[in-house]
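First chain A sits with chain B, and in the next complex the same chain sits with chain C.
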Partner chain A sequence: MSNWWILRALLSHWMRRPFQLFTLLLGLAIGTALWSGVQAVNAEARASYDRAAGMLGGDMLDRLISTTGADIAQADYIALRRAGWQVSPVLEGRVRVGGEGVRVIGVDPLTAPAETQLGGAVGDGEVAQFFAPPYLGFAHPVTAERLSGVAPLPELRSFDGRVTGAVVVDIGLAQGLLDRDGLLSYLTVHGEQPAGLPPLEEVTGDRLRRSAPEDSGMGLGQLTDSFHLNLTAFGFLSFVVGLFIVNAAIGLAGEQRKPLFRTLRTCGASSRALVLLLGVELLTLAVIAGGAGLAMGYLLAGALLPDVAASLRGLYGASVSGELTLQPIWWLTGGAISLFGAGVAAAQSLWRAYRLPLLAPAQPQAWLAAQHRTLRLQGFGALVLLTAAALLAVFGTGLIAGFATLGALLIGAALGLPVLLAIALAMFERRSSTAFGQWFWADTRQQLTSLSLALMALLLALSVNIGVGTMVDSFRTTFLGWLDQRLTPELYIAARTPEEAEAFTAWIAPHSDAILPVWSVEEQVQGWPVEIYGVPDHPTYRDNWPLLSSLPQPWDAIAAGNAAHVSEQLARRFDLTPGDTVTVPTRAGAWEVTVAGIYADYGNPIGQLRIGLDALTDRWPEVERLRFAIRMAPEDVPDVIAGMREAFTLDPNQLIDQTSLKALSRGIFERTFTVTAALNVLTLAVAALALLTSLLTLSTMRLPQLAPVWALGLTRRQLGWVELGKSLMLAGFTAVIALPVGLAVAWLLLAVVNVQAFGWRLPLHLIPIDWARLGLLAILTALLASALPIWRLARTPPGRLIQVFANER
Partner chain B sequence: MNGDWMIRALGTVAGLLLALSLSAPAALAQGFAGLGQSAEGFAVPVPDRPFDFPADHGAHPDYRIEWWYLTANLTGPDGTDYGIQWTLFRSALAPEGAAQGWSRPQIWMGHAALTTADTHRVAERFARGGVGQAGVTAEPFDAWIDDWSMTSRAELGEDAYKTLDVSARGANFSYALRLDTDAPPVPQGIDGYSVKSAEGQASYYYSQPFYTVSGTLTLDGEDIPVTGRAWLDREWSSQPLSEDQTGWDWFSLHLDSGEKVMAFRLRQTGGADYTSGTWIAADGTPTPVPDGVIEVTPLETAEVAGRDVPVRWRLAIPERDLNIETRALNPQAWMATAFSYWEGPLRFDGTTAGIGYLEMTGYD
Partner chain C sequence: MLSVTDVEKSYPSANGPVPVLRGVSLSLEAGETLALTGDSGSGKSTLLHLIGGLDLVDGGRIEVAGTDLSGLGDKPRAELRRATLGIVFQQFNLIASLPVQDNIAFQARLAGRHDRDWCAHLTDRLGLEGLERRYPEQLSGGQQQRVAIARTLAARPSLILADEPTGNLDEAASANVLALTLELVQETGAAFLMVTHSRELAGRLGRRLHLSSGRLA
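Presenting the complex of A and B:
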């Protein structure tokens, strides 16, 4: 019998069942799409970080940094060079261009190590221009086009491969732009050094220390790992759920083609040939579905990337270009994962086809023994994983441990689900007294084996939904409350020049209760950019500004000028508690300041430190005195805004009232979680699809079980209701179990993952109405998923039910 | 000794380092004469300007390019030959203005080499002028880039170049040498005005070829005491080369008789090569050798860094009865620096014997 004919016979099945073919392809395509889409987004972001790090050799070269965290004196750099040390100076900081902060990186190309990749193509005649006025800078094409020549920046040349948002200029220009003459942020140490160098201490005393690349605070890749791990987890979850769908579809096809397999075998096809051809069929389907999945993944990545870029910018200040550039490796791995997935999902069916006995004996009770074995195994696995999760939660530290805990918890819970369900069902079965009741519970239990994968998928989707939803809600509640407390002033104004500032404040004085300066400088504390704000001694702050922890009289302390309030991120990064000191570089040298309080500063990618206003103007006399917060009667705000706009020519962003500012902040917050929300919905949708395909499979396979009940007198309509009840009950059970799992997930995200990833810890806010919503959603999912199979069952011709007795028994 | 091409290269070195796209071949292909074709804004050498020491030992930032170029033929206690090179180049990106600090338009480049019969170790350094990483002061004389230095140890009232301490260090070698002479500096060309082409491009150029040397080389951690002879070239200009000159072969020779010879050939695209030199009597009296008198003939080439480079030469100055054959101590004396060239010690014999140094550029 030729293989060609066997293949044709096998494929004819799909012609008769196009919907089955569709679910098979859809499951695989969706799984591949979500997985590869997320991978594409991650790859793009990582490439951006690598470019950023590679630019300064930050990914591989040691640095010399100040032991106090202050800037380095240029004299120390020259002393090191004159001692033979091959080091190159870098000065980094932010400069205000228009209303926007731009990262400026000053370098000296003549001493830069060969490992760095600086700047771009400079013509012969332009070399002088890079080193001296009018100067020349390099930036990512997007940045270059936007900011070239915009004061105070020089003409910018675009150079592919630079990070967006950063401008590379000569070190001399950078010192001027950042007003840090004679100062450097750090020195890059060349990989190759002359023999016999004097030790560092001999040249620069205790002022500098050598720091390995990983602890120089530059690892954007490490910083954002959590975010990407998060995305990867979602992608993987979706992929796994997609495989459930494929598994169900292939299982169904295998079940339905069993008679065909038997016929083919009895006609002389070897089991080897049969399995081989099934493999060929699977491969073809996987290639088609994988291709479609990759295309969908590409579109998905393109759609997600702008939001991801926005999130990364908001959370970490990391610049990721919104353009998608895909490497061939992405297509290859995407295709491979699709094939692999199809293989995993189909393995069981292929094995069954291979071992298919020519004459199948009836085994009415065999499934029970098999189910018990499986359940015992699953129960054991769940126990091990949940124990591991508990141990990790208690003893683990770091982000990886956090995610490992999450993984163990979720998989453990998923494995435990069928066990718990089986126990519950057995309990109900014992308690029921009617024959119908006993049959109902026993039959549900029998169904469990086939449905458990889909239910696990539902559990995963639901608990992740509860967990992530609770985290986002907790975050939102905390953030909005915090925003309300923090944004007390009614109006904020920003002047462009000191003269304008004077005119503004003079104009607004009669209309206001208080004019509070909002002045700040930016410094590097141990290589980390930190904003330093001067806080006026005013009830606006004393009464409203929340502190997470503090010394007694924290506001008196900063008003006195020798103490600071630090942001939670800064405190966590440098392990500060109230009473500790932190060293801040100032023009006049390092300044040791006592931490009097710690406050939440959600969403700020850089550190913040708040000191008394006088301390700020004393130590940074050059601070820009342009921005002010105004206290006034809220009802006067619209009139004052209108009046100011009439009196002065203002840019729109120079004047903003409290309400608009809050709305703006909320907008940014919501955008940050757009990606999470989108993936959340997608995962749940895929879980619903998995449930649907499983139930579809079952509805066909279960005819032999249902036919006797029908023959005993239950109508098809009644049977339909019974089946629906079963689905809903299982989904309901799953939702009930998903709740504690989801809350555990939320706790892990808030208390472990967020702290590691963002540097802040949030209180857990429980929002039961959301759970009710999700429970309903689960029931609805089950309802939708069961509707079609049950409708089909209710309309199964009696003849087919009778046939069961003829064919299967 | 010639650093012209390197200086021109230095003009683009910053560009290259910026680009780091390693388009060096492309940059070099622009031709050795690529150094700014105009001397706009810079001072230009004129004939009949007597040297003014000690000021002329120092830097001349009004001129575009300048170098302090030292080579030494040395011998170890067991008679082993060594050669060292110590070079500091200055290149002005723009005429000096009021700008100080990082924006001062001076760029410095240092080359150091230590040659044995089988190894040639090279190091290079770059620096910006204006921040103290490199520079030259005339009084007291000090020339430095990073930890490399050439410092005068002369007594007050003596010529600053009478006694010099010279040191440099690379990844796998270093040296510290004391240079001594009683002879005054020797002007090259016509009283220090050295013409570099038939069209009249020229530089200020003087040498101190009469040094005796003693000091220590460190090779792979081993200190080797050495003695020998050294030759220091000082040259500055703003537009030293003609457009069609593609490279050159430059000899500095210590004759056993105590006489010294500087001879070079500038190779031209189309047309005759330009040759020039100076015959320096043992008492230091220089006599210029005009274009067309010196005969240089490559006798044998070797494959060096993927190109054919002449490593054995015949050099003849018939009117001085000089006819010698030179051979490189190490034919592989390739300066694998950002701008690569061949530079190494040699020995010669023929009508007279001696030692010297050879620099060759433009063999691409």
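Presenting the complex of A and C:
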């Protein structure tokens, strides 16, 4: 019973300070919302991958693939089955159906492993239909509705466990559709195999090798891990910044409640009971804030998911549902992270309450010494972390090392900020010759302890903003320049049939300078889907197409027919440099081709390989000859488009001019970074809130410092201006420190994280105007955060200031 | 009720321990009142804190209601303060976020001895009626001190310790508040130990001891 009264006394503090309570709840709710929102998006995307992977066991089961990268002969599959190997054949490829590319997956449900969803897809009554003409296929409801029965596809049944744009059919039918009779892409290996199997080499020689899912890197889960890690890092950063608010609110509440704690102890509350009840209070607040945060996180995830889905589609070709369906585990982990965050943010305050001496004589010197000790410790921690970041940047490898470097850099910089500020303020104080100046600098230094957490949060948000902003700007500058070089032809046309293609080219020939075929096939190279394009020997490519590195005369090499240019992603994946060879499966068998050049291919989720046009048509005679790039006078483009639309009945996507295509590409690019931009702004907003809450709470505690200065002749308005000046100066200083930290973050993102995440490296483009904009934003943040406290100070009734002296003891 | 035997206490300093109490002994029976006087720094407040279980002795022994404080941990000392002791501070130490009526009832509720009628009686006797719903910051210094006294008496402790309870009041008000306090203490039958600078106020209590340089004169 007595504990209830102690708890009531503790809670009464919040009733008297509702704004402080609000900031605490808001900080925790926002932190939880951003974290759990990002987790919800990740969970939804991963569920989509699992659905896709589960269909073929892609992320779970080993595969047998060709050692040369070519297709597997069906005879090898039969030999393995006869030897007792439990394997199931899969053939993948693309066909054009009704003017669009469709991924065809040929499977054999009778031998498919139990871990896949194929058994569930093909019901007992449907097996016969699946195998025999007129056949039956399965697809995502959206795909099934659109393509069922459209030649050459069979009737399609809906099945939820499938990604859009893919059709699952019998393997025999797939071989016919893809014109790959007797060939297979890979064999899925069952999880359980009979004892005493002959070794793989004994059955198939050196033609096949076993590939674990993590080696193949083919699973969407693995491909997109880095993207989700990026999102998680942002979510975590926002969560940490949210915790700064909570920590500031709880810390200040702890300071304000010290007399209450002492009174409670004096009245007979033990320190254990006090801390226990503070824990109960915290738990209650965390549950309330966590619930609100989860609700906000759900809304946030719902708002972000369409853009994330677009980004994943653009970057990795991953199909993610735009609808949010959350599992109970999400609610549970979200609630747990809220409790954990509250615990972390409050740990120091709880410890202080537990260790609070019952008798606390005023010891300003001891306080000052403790402050110096804390600063020294912080400085040491900053030094250790920044050194670790430098070492990791030089010697670390991989994505985890990249993020560890980022973490060490950001936390080290944040810890170092109050130390640098204290040194700078002490220096100004020493140099100040006027009494007012000395008071100003000394008073700012005294405030530093209370404001340092908020300033650290601001530094983190600004640094990440500069870092991510510079990365996106670098990407934009590089991408747009690259786009200008890549999209040189003035017009692009796509026919639906070979006859239509013939009619188009015949019509357009008199209006154009050159008609350049854009023909391609898709193959699996060492288990990875690769687009193979035929490049006509034309100045359009020789003069404009940029190469990152190459052998001498790279264009002559591919025109000669035995060399290829490969995309940066493909080169990084297979560790290729100019002069190396890569094996490509063709109808006539494996083809060894020399890498003559490597080119950037930003935003392409799959690998790309460019060979001479003749080499393409010789080795893949069945290649669809439907798409063309047209060179012509730019001023003629509108007339030609109008003429073609008049002469033919065209779908909108069959004809596109260079300007529209560039605009479309830019649109896709911008959408890719919508999520990053949104999280960037939210993090900065949370930091602004942290500063606001600290300043507001502090303003109520500062009267004893300000009252004597007021009594000595400064007006309340002047005091308000002085306080504003302090806030702006501290924010400005923080922005100055944030600049180098942000640039280091940008470098790490471009040189380490992006290379791991997307497979390409971008040059760092510095855009100082953006820094100026962000500096102003920091000042504006401080201005907004200071406005209310300063307005309140300027309107403080003189009676309250006098009360400071009346209460002096 | 209270037995203090050869109590020693010193505080650490840069130049080594500074002795504050050097072998202090005294005793107090139920219903008795005792004034402890002495100059600043003589160790009066330190002795009061030690008796109140707010700090621990370096040497000697303090017994409150038969319980030896020297070996007690935090929890039993807290229980003793809650159940047996009442402490009135010069700084009032009211709970700023609770109204007057809840401040008065607070310790009695912790001790499980809340008596509504007794609280009303104290409120009436100490001239606090009409102020029950106000918060401490809305009261004058004298009013706050009377709330602090009411809070202590409301729990009916066996031993009341008062550290300069009227130190923030003028002379006349001090005399009035003390007279009232003593009357109420008498009603409860508690032992009363008060630390004060004022010889005049000390003279109103049953016994008087003078502390000088850590020793009883």
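The rule we apply is simple: the second predicted complex is superposed on the first by the 701 of 809 C-alpha atoms of A that agree within 3 Å, B and C clash if a C-alpha of one lies under 4 Å from a C-alpha of the other, contacts with A are read in each partner's own complex, and residues count from 1 in each chain.
To be clear about the criterion, a residue touches a chain if its C-beta (ideal position, glycine included) is under 8 Å from a C-beta of that chain, and two chains touch if they have at least 3 such contacts.
Owing to the predicted nature of the structure, the values given are computational and were not obtained by experimental measurement.
Asks: With the two structures laid over each other on chain A, which partner does A:664 touch: chain B (first), chain C (second), both, or neither?
Replies: neither
Asks: With the two structures laid over each other on chain A, which partner does A:2 touch: chain B (first), chain C (second), both, or neither?
Replies: second
Asks: Please work out whether A:427 is in contact with chain B alone, chain C alone, both, or neither, and reply first, second, both or neither.
Replies: A:427 sits against neither chain B nor chain C.
Asks: Quick one: chain B or chain C, who's touching more of chain A?
Replies: Residues of chain A touched, chain B against chain C: more for B.
Asks: Which of the two partners, first being chain B and second being chain C, lies in contact with A:195: first, second, both, or neither?
Replies: After superposition on chain A, A:195 lies in contact with chain B alone.
Asks: Report for A:133: first if it touches chain B alone, second if chain C alone, otherwise both or neither.
Replies: After superposition on chain A, A:133 lies in contact with chain B alone.
Asks: So in the superposed three-chain picture, is A:12 touching just chain B, just chain C, both, or none of them (first/second/both/neither)?
Replies: Once the two structures are laid over each other on A, A:12 reaches chain C alone.
Asks: In the superposed arrangement, which partner chain does A:271 touch: chain B (first), chain C (second), both, or neither?
Replies: Touch status of A:271: second partner only.
Asks: Would you sort A:262 into first (chain B), second (chain C), both or neither based on which partner it touches?
Replies: second
Asks: Now for A:74: first (chain B), second (chain C), both, or neither, which partner does it touch?
Replies: Only chain B is touched by A:74; chain C is not.
Asks: From the superposed pair, tell me which chain A residues show up as contacts to chain B and also as contacts to chain C.
Replies: Shared contact residues on chain A: none.
Asks: Contact residues on chain B for chain A in the complex?
Replies: Touch list, chain B to chain A: 11-15, 17-21, 23, 27, 30, 34, 93-94, 99, 101-105, 107, 123, 126-128, 131-133, 144, 146-147, 169-172, 174, 218, 221.
Asks: Which residues, counting only chain A, touch chain B once they are in their complex?
Replies: 74, 78, 81-84, 86, 108-112, 114, 116-124, 126-128, 130-133, 170-173, 175, 181, 192-196
Asks: Residue numbers of chain C touching chain A in their complex, please.
Replies: 49, 52, 54-55, 74-75, 78-83, 85, 87, 89, 91, 93-98, 102, 106-107, 109-112, 135, 168
Asks: Applying the document's contact rule, which stretches of chain A touch chain C when the two form their complex?
Replies: Residue list for chain A touching chain C: 1-2, 5-6, 8-9, 12-13, 15-16, 259-260, 262-273, 358-359, 809.
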